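The chains carry the letters A, B, C and D, assigned in the order they are written, with residues numbered from 1 in each.
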Amino acid sequence: MSEDLYQNDLLRLAAEARGTGRLQAPDASVTLDNPLCGDRITLDVQLAAGRLSALGHEVRACVLCQAAASVIGRHAVGETPARLRAVAGEVRALLKPDGGPATPSAWPEIAAFQPVAAIRSRHVCVELPFKALVAALDAAAPEGGDA
Amino acid sequence: MTFQPEALPAALRRQFPLLGRTVHGQPLHYLDNAATSQMPQSVLDAIANHETTARANVLRSVHFLAEAASAAYEESRAECARYLGAGVPEEVVFTSGCTGAINLVAHSFGDGRGPGDGRGPGDGLGPGDEVLISELEHHSNIVPWQMLRQRRGIVLKALPVTDDGRLDLTHLPRLVGDRCRLVALTHASNVTGAVTDVASVVAAARAVGAKVLLDGAQYAAHGPLDLPALGVDFYAFSGHKTFGPNGVGVLWARGEILADMPPFLGGGEMIRRVTIEATTYAEPPHRFEAGTPPIAQAVGLGAALRWIRGLDQAAVQAHLAALTRRLLDGLAALDRGRGLIRVIGPGDLAARLPVVSFTVTGAHPHDICQILDRHGVALRGGHHCAQPLMDRFGITGTTRASLACYNDAGDIDALLAGLEDAMARLRVGTGASGLSNP
Amino acid sequence: MTFQPEALPAALRRQFPLLGRTVHGQPLHYLDNAATSQMPQSVLDAIANHETTARANVLRSVHFLAEAASAAYEESRAECARYLGAGVPEEVVFTSGCTGAINLVAHSFGDGRGPGDGRGPGDGLGPGDEVLISELEHHSNIVPWQMLRQRRGIVLKALPVTDDGRLDLTHLPRLVGDRCRLVALTHASNVTGAVTDVASVVAAARAVGAKVLLDGAQYAAHGPLDLPALGVDFYAFSGHKTFGPNGVGVLWARGEILADMPPFLGGGEMIRRVTIEATTYAEPPHRFEAGTPPIAQAVGLGAALRWIRGLDQAAVQAHLAALTRRLLDGLAALDRGRGLIRVIGPGDLAARLPVVSFTVTGAHPHDICQILDRHGVALRGGHHCAQPLMDRFGITGTTRASLACYNDAGDIDALLAGLEDAMARLRVGTGASGLSNP
Amino acid sequence: MSEDLYQNDLLRLAAEARGTGRLQAPDASVTLDNPLCGDRITLDVQLAAGRLSALGHEVRACVLCQAAASVIGRHAVGETPARLRAVAGEVRALLKPDGGPATPSAWPEIAAFQPVAAIRSRHVCVELPFKALVAALDAAAPEGGDA
C-alpha cells in the first residue's frame, strides 16, 4: 500500500500543486477542513459560458490531498460542471474498497490513487479537493441551474 | 526486586498477546500508547473469566451470579480507590471514559442545581464565573467547558503554553482571579508529554476558593497516585489508556463535593424513589451511574490497575526515561543539525512522560506515519485532539511516538530507521519535496 | 432449516459457556435475561480476537492496527444498521447503553440549540411543550424527561396502564395534543412483557407532528427490526441485553433528525475544528460520539446481532411461546385456585415477550428469589426500575422470570419446584406467614 | 446461606413484627426507603429520662427487614440511646464479610442474622431498621446532647 502510495507519481503531482494560488475574483470560493487531521483546502472557481474558466487553490495538507488538488488543477479548466461532478463520482467509486476497477477517466492520473482504496483513513485526503470543487461549483453553478 | 531496564520489556512483552503479531510482514513496533495501550493477558483473562462465570446485572438482583457480579464490580471500585490513594471507594464513579467523566463534571458541577448562594459545589456556575483551562488541553477538556459557557454564560480562560510545550504557570496570578470557580488542566499533555506542576496550580486555585480538576488520561497509566496529597478535587481517566478495556473510565472526586452534586444522566440505579411527579436520587457514587454500568469493563479496569501496581515503578520509569533519551538523541542525530526535525516538548526527562511529538519540515505527519506503518511502526500523526495547541505553534499536526513499559530499544531503532526512510521518500531537506506543509 | 422447539435449546446452550456452570451445587437455571442476557462463544471470541489482533484507537491514526480497529468499529455500525433495517450506517450512534441513548435524545433533541421556530427537531423543547411517556416505563425512560422538565419547563404526561399491564392506548387522543412534541414509550415492558402497538402510537403522534422514541431495551433481543417500516424516529437499546457486551448501546435516529441535532457530550472525535473561542462539530454519527468510543464493545455488539440474525426466528419464537405457556400454566397449577399467585401481564402470548412477573400474597419477591437461588434458579425480584408501575398496581415489587432462546423446559420446571418450596418455607397461604407484604 | 436464612428463627421474628404499629405522639419519626427494592420502614421513638420509653414501626419489606425490626421492637425499649447506637454498630460489624465473629451482644437474636453476611445485596435489609432507629434517635436525642 504505502509502498505504492509514495511513488514518484503522487509525489510529483503533490510538488506541482504548490503555489497554484488564489483567484482574484472567483465566482465561488470554498474552504473545507478535514476534521480527521485538521488540514484545510481553499478552492476558487470562475465560470464562463457554462465551463470552468479559472481555478485556484490553496492546500495545507498531506501528499495525497495535494496530489489530488494538483490533478484537478491540471485538468479541470475548460470542463463543464457536469463533467467535473462526474469525475468526482469516479474518484469516490475508485476508493470504494470493493468498488471494482476504476471507471475509465479522461484524467489518467486518477489511477495513481487506486492504492489509497485499501487505506480507509486516507480516503478523505483524496476526496477533500474533489468535495471542495463540487461545493464551489454548487455555489457558482447550481446543478440544473444556468451558470 | 529490581529489574534491569533491558530485561524489563522482554518479560513484560510476553504478557501482551497483541505485541507478538506482525504487520505488513514486519514485527509490530507499537508506539501509539497515548492513544490506546495494549492489554496484558491477566486483564484479558479477568474479563473473560467474569463473562463466563459471573455475568449478570448488578445492584438489584439477589441471585448468585448477580451477587458475584456486584461484588466484582464494587471490588474494582475499591481497587480504583486504592490506585488513586482515595479515602473511600464511594469517591470513585465509573463512567464511559475520561471524556464522559469530564462531561459529568461540566454538567453536575457546572450546571448544578440552580439558584444557590453561588459558591457551593452543587450550586452550579453562572454568568461571569470563570473556568480556567489551557492552550494545551485535549478537546475533551475544552469542548465540555465551551458547551457550559453556552449553557451558563461562564467565562472560559486559557493558560498559555511555553515554547517547549509546558503550561506557562507564570500567568496563574493573572488568570486565577476572584471569579475563578474551577481550574481544569491536564495532568500531562498528550502532545508534548509535559507534566503539570500540580502543587502550584492547587495553591493558586485554593487562594481564591476554586476547585481543581485534573485530566489524568495520560498520566494515570504511569503508576499509582495519591490524589488527596496532590490536593485536587476531581480526577478523570480512561480504562483503555491504562492497559484496561474500552468503554470505561473513572471520575474521582472528593466525597463532600460528590455529595453535594446533582446527578447528570437519569435512569436506573441512580434513584432513591421514582414517581411520575418527582424523583429522589441515590447517594454517590450510584447517583452518577445511571443505567447498567460497564460491568465487565470495570472488572477489567480493576485488573489493569492491579497489574500496574504489580510493576516495579522505579524500574519502569528508569526504563522509559532511557528509551525517551534514546529517541530524542536519535532524532537529533537524524537531523544532523539541519533544523528540519523539531521536537515540541520539554527537554528535561524528569518533567515529562515518554510522549514525544515532533515536526519534520516539508513532511506531513500522516505521510510520515503511513510510511512508518510499512516498517511495522505504529505512530500517530495529526492534531491529537489538541488543535488550540497546534495553533499556538502555527502547525496543523505533529508526529507522535508514545511509549509504554513494554517498548524496547528495538522499537525506538525501528522508528528511527523508518523515519530516515520516510524523509528520503518524501525528499525532506532536498529542497525538492515541494510540500507546502507544515 | 427449522429446529424442533425441543432441539433448539440444547444446540444453543452449548454455545454459552456460562450456562454450563453450577450454583450452590445445582445446575444453573438462568431466568434473568431481561436484566442481562448471556454471551455466546462467538461473541466472546469476536471481542477477544479484536483485543489481541486489532486493538487501537479509532478514527485518527493511519497505522495498520488503527485501520483495522476503525474498520471493525464501522462494520459493527453497519451490522447494527442492517439489524434495525436502517437506511444507512450513519443513522446508528454508539452510546454507553440504552440509558445513555435516551439521555442523549433528552439533551440533544430536548434542549436543542436554543431559540428557533420551536418546531424543528434541533430547536429544542420549551415551556408548555409536551412529552408523553407511560406509567410502565423503565426509570431510564422517565428520569431523563423529568430532568428535561426541570431544565426546560416541558410538561410530562403519562399514558395509563390496563389491569393486565398493557399501555392503555384508548387515552392517546386525550394525551397526544397539539403541544405534544415527543412520544417516548417502551417497545415492550420489562415487567409485564407487553409489546406496544407501535402503529397506533405512531399514527397518533404523526397527527400532531410529534416524534416517536421507542425504548427497545427489551424488544431488541428478539430479532431483527424494520424501524423505517415501524415509522418511529428514535430507537434505543443496550448491548448487554442482546447477547452482547456491557458498556455499549445504540441510538438509532432518522438521518434528517440527527443532522439537525446539536451534540450532547463534548470531546475528541466529535469536532470539526476547535479553537478556544469556538468549536464546530462533525457530521452525525460522530457528532454524538465524544471521546474514545466503546470500540471492542461495539465489535462485540455487531457479533451478537449477527448471531441473532443467524437464528431461525420463527422457531425461537415458537419455542419461547411454548415455554411461557408452560410457566403460566405451572403458576396457575401451583396456585390451585387460591388466588395467591397473581401474574401481572397480558394473557395473550402473541402480544407479549417471554417476561413473566408475578406476586405471591404474603411472600416478598426478594425472599422468593433468595430461596429460588438455592435451587439454582436466577430470577429477579423488586420494582424492576419501574416504580410508577408498581404504584399503579399498589405493590412494591414482583418476582420476574425472563426467558431467552437457550432456556428449556427444565428451567421452567426448576422454577416451579423452587417456588413451591419457597411458598412452603415462607408459609404462604397458611395464614401463619404473618408477612405484611405485599 | 438462604437455607439457613429462612429458618424458623428469622421467620418467627418477622411474623412477630406484625402490627407493632405507630406511636401517637413520637418525639421523632423517621421514614427510610431502601432504594434497591423500594421497601420502606417508618419508625417512631419516644424518650423519657434518657432512655427509649416507647417505639413504634411500620415495615413494608422482606422477611430479613421485618425480623430486624422485630428484634428492635423486642429489646430497644428501656435502653439508652448510646447503647442502641452501639447495637447498631454491632449489626454493621456482624455483616462485614470479613468482620470475624460477632461482638457478643445482650440481644441474642442478632446472631440469627449472621448468614446474611455472605449475601451482600441483603445487608441493607437488616441494616435498614437499625439505620432508621439511629436516625430517629439523632433527631430526638442528638449524640452528645441531653435528651
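Note that a contact is a pair of C-beta atoms (placed from the backbone, for glycine too) under 8 Å apart; a residue touches a chain by one contact, two chains touch by 3 or more.
Keep in mind the model is a prediction, meaning the values are calculated, not measured.
Peer 1: Please flag the chain sitting at the greatest distance from chain D, going by CA centroids.
Peer 2: A
Peer 1: C-D versus B-D: which interface comes out with more C-beta contact pairs?
Peer 2: Output for the comparison: C-D.
Peer 1: Between chain B and chain C, what distance separates the C-alpha centroids? Give it in angstrom.
Peer 2: Centre separation, chain B to chain C: 32 Å.
Peer 1: Which whole number of Å gives the spacing of the CA centres of chain C and chain D?
Peer 2: 37
Peer 1: CA centre of chain A versus CA centre of chain D: separation in Å?
Peer 2: 76
Peer 1: Which integer distance in Å separates the CA centroid of chain B from that of chain D?
Peer 2: Going by mean C-alpha positions, chain B sits 46 Å from chain D.
Peer 1: What positions in chain B touch 2 or more of the other chains?
Peer 2: Answer for chain B, listing residues that touch two or more other chains: 24, 60-62, 66, 271, 273, 366, 370, 373, 381-382, 387.
Peer 1: Quick one: which residues in chain A touch 2 or more of the other chains?
Peer 2: 36, 38, 119, 122, in rising order.
Peer 1: Quick check on the complex: what are the chain A residues that touch chain C?
Peer 2: Of all residues in chain A, those touching chain C are 33, 35-36, 38, 119-122.
Peer 1: What residues of chain C sit close enough to touch chain B in their complex?
Peer 2: On the chain C side, the touching residues are 17-18, 21, 23-24, 28, 30, 32, 35-36, 38-39, 44, 48, 51-53, 55-57, 60-66, 96-100, 102-103, 106, 133, 135, 138-140, 142-147, 156, 158, 238, 240, 245-248, 263, 265-271, 273-276, 278-279, 290-297, 366, 369-370, 372-373, 377-382, 384-385, 387-388, 391.
Peer 1: Please name which positions on chain C make contact with chain A in the complex.
Peer 2: 59-62, 66-67, 70-71, 74, 271-273, 282
Peer 1: Quick check on the complex: what are the chain D residues that touch chain C?
Peer 2: 1-3, 5-6, 11, 14-18, 36-40, 59-64, 66, 119, 122, 125
Peer 1: Considering only the defined contacts, which chain B positions touch chain A in the complex?
Peer 2: Against chain A, the touching part of chain B is residues 24, 364-367, 370-371, 373-374, 381-383, 387, 390, 396-397, 425-427, 432-438.
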